[in-house]
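Labels run A, B, C and D following the written order; every chain starts at residue 1.
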Amino acid sequence: MGILLSESIQQMTEKLQNWRRDFHHFAESGWFEFRTATIVADELHRLGYSLKMGKEVLKAEARMGLPSAQELQEQEQRAVKQGALAEWLPHFSGGFTGIVATLDTGKTGPTLAFRVDMDALDLNEEQTHVHRPYAEGFSSCNAHMMHACGHDGHTAIGLGLAHILKKHQSHLTGKIKLIFQPAEEGTRGAKSMVEAGVVDDVDFFIAIHLGLGVSHGELVCGCDNFLATTKIDVTYRGVSAHSGAKPEEGRNALLAAAQAALGLHAIPRHSEGSSRINVGVLQAGIGRNVVPDYALMKIETRGKTNEINEFIYHQALSIIEGAAKMQGVEYELKLMGAAQSSLPSPAWVDFIYQQTQKNIPELSSVAKNLQQPAGSEDATYFMERVKANGGQATYLIFGTELSAGHHNERFDFDENVMKTAVKTLATIALHLPDFRTT
Amino acid sequence: MGILLSESIQQMTEKLQNWRRDFHHFAESGWFEFRTATIVADELHRLGYSLKMGKEVLKAEARMGLPSAQELQEQEQRAVKQGALAEWLPHFSGGFTGIVATLDTGKTGPTLAFRVDMDALDLNEEQTHVHRPYAEGFSSCNAHMMHACGHDGHTAIGLGLAHILKKHQSHLTGKIKLIFQPAEEGTRGAKSMVEAGVVDDVDFFIAIHLGLGVSHGELVCGCDNFLATTKIDVTYRGVSAHSGAKPEEGRNALLAAAQAALGLHAIPRHSEGSSRINVGVLQAGIGRNVVPDYALMKIETRGKTNEINEFIYHQALSIIEGAAKMQGVEYELKLMGAAQSSLPSPAWVDFIYQQTQKNIPELSSVAKNLQQPAGSEDATYFMERVKANGGQATYLIFGTELSAGHHNERFDFDENVMKTAVKTLATIALHLPDFRTT
Amino acid sequence: MGILLSESIQQMTEKLQNWRRDFHHFAESGWFEFRTATIVADELHRLGYSLKMGKEVLKAEARMGLPSAQELQEQEQRAVKQGALAEWLPHFSGGFTGIVATLDTGKTGPTLAFRVDMDALDLNEEQTHVHRPYAEGFSSCNAHMMHACGHDGHTAIGLGLAHILKKHQSHLTGKIKLIFQPAEEGTRGAKSMVEAGVVDDVDFFIAIHLGLGVSHGELVCGCDNFLATTKIDVTYRGVSAHSGAKPEEGRNALLAAAQAALGLHAIPRHSEGSSRINVGVLQAGIGRNVVPDYALMKIETRGKTNEINEFIYHQALSIIEGAAKMQGVEYELKLMGAAQSSLPSPAWVDFIYQQTQKNIPELSSVAKNLQQPAGSEDATYFMERVKANGGQATYLIFGTELSAGHHNERFDFDENVMKTAVKTLATIALHLPDFRTT
Amino acid sequence: MGILLSESIQQMTEKLQNWRRDFHHFAESGWFEFRTATIVADELHRLGYSLKMGKEVLKAEARMGLPSAQELQEQEQRAVKQGALAEWLPHFSGGFTGIVATLDTGKTGPTLAFRVDMDALDLNEEQTHVHRPYAEGFSSCNAHMMHACGHDGHTAIGLGLAHILKKHQSHLTGKIKLIFQPAEEGTRGAKSMVEAGVVDDVDFFIAIHLGLGVSHGELVCGCDNFLATTKIDVTYRGVSAHSGAKPEEGRNALLAAAQAALGLHAIPRHSEGSSRINVGVLQAGIGRNVVPDYALMKIETRGKTNEINEFIYHQALSIIEGAAKMQGVEYELKLMGAAQSSLPSPAWVDFIYQQTQKNIPELSSVAKNLQQPAGSEDATYFMERVKANGGQATYLIFGTELSAGHHNERFDFDENVMKTAVKTLATIALHLPDFRTT
């Protein structure tokens, strides 16, 4: 079995690279993955997977940090020009760029789901010869959009896995679901898929990421240190006035934001674990001689547990409201993203640990967890839902060499990691019947 | 007449000095003027004035910045030891230390009122030989109480005036009211006398002050630049917590006060005139390793007009409330004092200007108004009430040499100013029938 | 003489309107007045004035708030497309858009200077039929540039005055200087002309403005309540860091700006007169999850006197530096504009008051000063320099009806004011020999 | 041996209780332990220990948070009245209230040191019958001083241990040092003993505490989660001014403190572990109408490691200095206390773990470390010095039932814990020759 698998995957080397480089070249940021989604859908459909798409797999009002209708429309037109497939595009129109593909083996067995994400970052890619994607002609052709986190690789791995599983379908049991998620950056997309119920029938769940500081050839079976997070935009609206002639007639939104920013950063530490707060952006006022009637803050809170994140978030709400009151201004708060903390299921991690040590000689080392903090991830929404229903969930990290850190304009990775990932995930699927909880 | 008056007053030289030095020695701060009030009452009663005292002339709930019941009781006991007259003391018990003495001439005519204040400052007097009151044995014997603003002189002038008017009663018409007010420092006492109605029947009103930067021999007939003011104490109450073990359990009153203090000082300027804001005192917290659950701020607002002061005050209220909300703490706000802005009645100022230029050769110069700002004064409450009823009101300043500025621990003044003041005020009373509005 | 003048001016009605509407249509913001300046230069040259331009009349390094070299170049190209005269353009290239035209009568006499300004505001003009300039086809064709303060009228008045003075040259004595200044908005241009020495030989100086809340037909001969002002841009530069992974590695420029903004607004009031402070714009940070390494604040201080403005400005410098120190960030401070307070010369105001009352029947009323505050004006630099050299200086306001307030996107004015202004200014020039200081 | 020890200790029951209750009744806060120290010295001297005291064991300038000379003198006089032994008092005069007692067995062997602390807290003890110390007549007779942390018990344990070790001297080898430290509260005293060299010859070191949330009968052999800490007082000195008359002449110390307090609490979290910051006290200003020229802040920083504490502390220094600069005020910073983080020596913890499990049946449970955070402790200075010299150090916690939490005015403990502690410590001393590092 292992040898057959290795051969199948080896034959996919070029395919994986082509997919990845195509997605990299036509990088699409969160909720704009129109072209990517049509290509994914087309490929999965041709393989014979049963598809659910768009509004079937995304609860509209649970999508966070959605761009404006105008931006969505412009980007859809851009995607059309860049080869989005007309047959599939209507499913994704308006920022519904998610897909769930199901393979029903017909045999009794549990449902196993894999989740990959498809979105790029809001970043301009390095366009010089020192950067391989540019040198080899596949750097992003879209301004302010770049695959600098490896989601292009994730999508390619998802398609590769789809091929392999289909090819070895006779050895599988139960159902396999492949989830292609939009807008992971800013932790905006997962919640709407979970609320649409896409993992409500799932017994085993795996989300993946490549890189993250793990060396090439290493696998982490149960990343256990994601921070829960909430992302909000706060807008203050006051009253403008001429600052020389009638300062007393103003209601100063800039001062409200300044008071709030200080108050937010002064939220107390929590004795039970790490917390974070950041006002990453503050934009206020329109002219030097006008009392500012407008201020925008982009804020995020984090916590080692959901409870700690909630603590910071609720303190933040009071501070934001109180600062508005202080300056007599109105405020509006918009939820832009969120993720949970989530611990992997121990038995599931153990199983993957044993299976991969035994069956994947490509892996030079396998670890159960990650030593350093891992930021935030909205795959945690899937994990928590699956666990709440009694299932097993985990998050895998496939180590690989990076040319620069994640979110850097020179980010690139060793594409061989994709084959290892496909083999590992397929192996887990094939050995799933061996899973026993003790 | 002028010569007779001068002789009468010359004979009072020693009496005026004795009164002033007695009050100076037994200095009593606002609402604690127990001993002073009994001596004033006794003197006026013996002269034959009809007296109203205590609760008759002070509306209890309108008294601002009242000390605690315990402090009032302790100070009353102190006054007894220092010679307060037992016969009169019960009228003033509990912080009702005001007197209104009326002389009814029996003849038709308007009611003319003079107001003086009796309270000392919360200050320790200089006790060295460079300071005349110490060298000559009449410096304050009460810790943290000192007549450093000249109210001892005002009270002596009031008693001197009572003597002179009584002596020359046959030349007077209408009624004369002498108002002895407590707690002018901090602008705490006037409002309660006004609300008790003591000037509701007054047609002509004069309040006085000595010094204030005016040279000896000069008179200002219509001080017109008092700032309206409001004095408040704000207390924040949060929740304490061990700052090392459980910082998240605290609700930080100190940070609420810090946010508020910054916000208060950042209240915008007003384009229509001067404004002021000051957080003069901030006391917060009990221990280095405890999240502070308590903070006190002593605040004052001021404005060139009542409207500007109200603007600043209402901005302050929002800031104080908003800062509480920011830190999730409770707050309490206590009104500690207030004064208005008030313009003197022009015709009344003109009349006094002419009468004093003609009749008081002791005055080297008479001015209608004061060039520099004059701080705040709660005599403005009397002035505004008299004017609202159609009467005439003004505020006189009798210039004199000072040994140090007002509110300084070495403050002293040239006692000759008292005779000039008595003569000026008596002259105005005697010539009142000549007043004509044009 | 008066009748002749009136006739000459009446014949200019259309010319004045055409100039004004042409400048209005091709509105050019400060330091971008390329097209305007070439037209002004050409007209004055053809009238026979002797011209100094560009670097001759603007000290390069004293120009404040200069746009970037790239912006200057782009705008110069824009001006070329819009009809800037190639013959004159090189003089103004690079943001040297000032002109001084001299008429030497050849007769003995003092030098009299008139100053007008030519720049538009950074504002999008209303483009609907309710707005006359749009309805009649002369609203601004340049985005974000609009004559919403009347400087188009000032420039037309300057050209009209040039015509009239030339026509009546035989009745004049001494020299006349017409100063066409760039970049008055933001008080950026005057200082560089003064430092280039353009008024060093001037004995009598007049600057003008139309509108400013004065009714049509009214003239103010000596506007005396400009606030001194300083405009600065402050940039903080810290160190960015991932706010989730390594918050301790950041140096937070946003927090420095927040601290500074609060501190700036909390600068104490000044007891000797009005002061102002405003942080009109604050822009900080690049992403929600990044510790902000950048912040920009646009600030202005004002004061009733130069001393008060200096007080506020120097307090601001300490606050800006201290806030940088608090957060361990670097800062850069850039002077963007400045104006002084300046009192008109009393004898000069009196002279104009008498001459205009006698000779300009078009004026329904003449006042010596303006009752309300008048904002800031950099003509004060000219005034202070002329007075320092022993000359006479003043600032005239020609009242007129406005369709909306200054700096409003619907601003427009009654164009008849231009004829009144030309006649008034010409009359003063013709009667100058009658001036006598007493 | 174990049985003999148990018997000896059983006989000390009353003695231990008497000592503890005597110290409790005459509670003495840090650097005021005059009476306590004389009694301890007398007892140890009579047992035959060789003593070093006062300036021999405390480096004068390394004492932190020392009260004023006047307070020290007053408290020394108080101690005399309360029975301080005149023979020993001179050693401790001036706040040198430490003792090191040495027992030299004469036999070859390592030096083992035990450290106990003697100071009370600045707290008023509950004086009602619900509180056992009051009901049984040994509650504190000193206002604002109370043994609410158990140091009275520690001192009694130290004396009990001295008795037992002396009694069983023949079974001991090497040297034993008993360290009686002043001023542990506020982490003020240890550093000066360490800098005086009192543990420079020590091979094995044990510090102890009772309670701390550990149940009665339990022992923690290696408390490993003390937070490093730094305690500072910051004083701002500005310039006062009348807030109504001359606000511009003030330099506002209160606003500097407000800016600093906000900035301090906004110091970023550290990704490598817990940190803390607290401004526990802020006192500023003298009067409502005076620009505050004075502010005091009591601050503490903490960190999981010395490095993290240093990070917070150095950020704090910049903030404190920057806030002074912002308001143009001077500042002074005073070190009031400090402690380090310190990990117990693993081999030494293991040895104690094994010895106590084997030999102390009174202990129902023995743990190697403490699960919850343990605050800060300046015993860490001793530990770090001993370890730096190649020795072994640890911190033991003897669990016991408490009537209320540490630092609560109703704090009391089960006195039986003292016997267990004496037996445990003596046992370790007696078995020390068995220690082997592997």
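The working rule: a contact is a pair of C-beta atoms (placed from the backbone, for glycine too) under 8 Å apart; a residue touches a chain by one contact, two chains touch by 3 or more.
What you are looking at is a predicted structure, and each value in this text was computed from that prediction instead of being measured.
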{"item": "Partner chains shared by subunit B and subunit D (touch criterion as defined above)", "value": "A, C"}
{"item": "Taking each chain's C-alpha mean as its centre, the one farthest from subunit A", "value": "B"}
{"item": "Interface residue overlap between copies subunit A and subunit C, same or different (over half shared)", "value": "same"}
{"item": "Geometric centre distance via CA averages, subunit C-subunit B, whole Å", "value": "50"}
{"item": "Subunit A and subunit B, separation of their C-alpha mean positions in angstrom", "value": "70"}
{"item": "Touching two or more other chains - residues of subunit D", "value": "245, 247, 252, 255, 259, 262-263, 265-266, 268-269, 271, 276, 291, 373"}
{"item": "Touching residues (chain side subunit D, partner subunit B) in the complex", "value": "186, 227, 229, 231, 242-245, 247, 252, 254-255, 257-259, 261-262, 265, 276, 278-292, 295, 298-300, 302, 336, 373, 375-376, 407"}
{"item": "Contact footprint of subunit A on subunit D as seen in their complex", "value": "262-263, 265-266, 268-269, 271, 274-277, 373"}
{"item": "Complex interface listing, subunit C residues touching subunit D", "value": "245-248, 250, 252, 255, 259-260, 262-263, 266, 268-272, 291, 311, 315, 318-319, 321-328"}
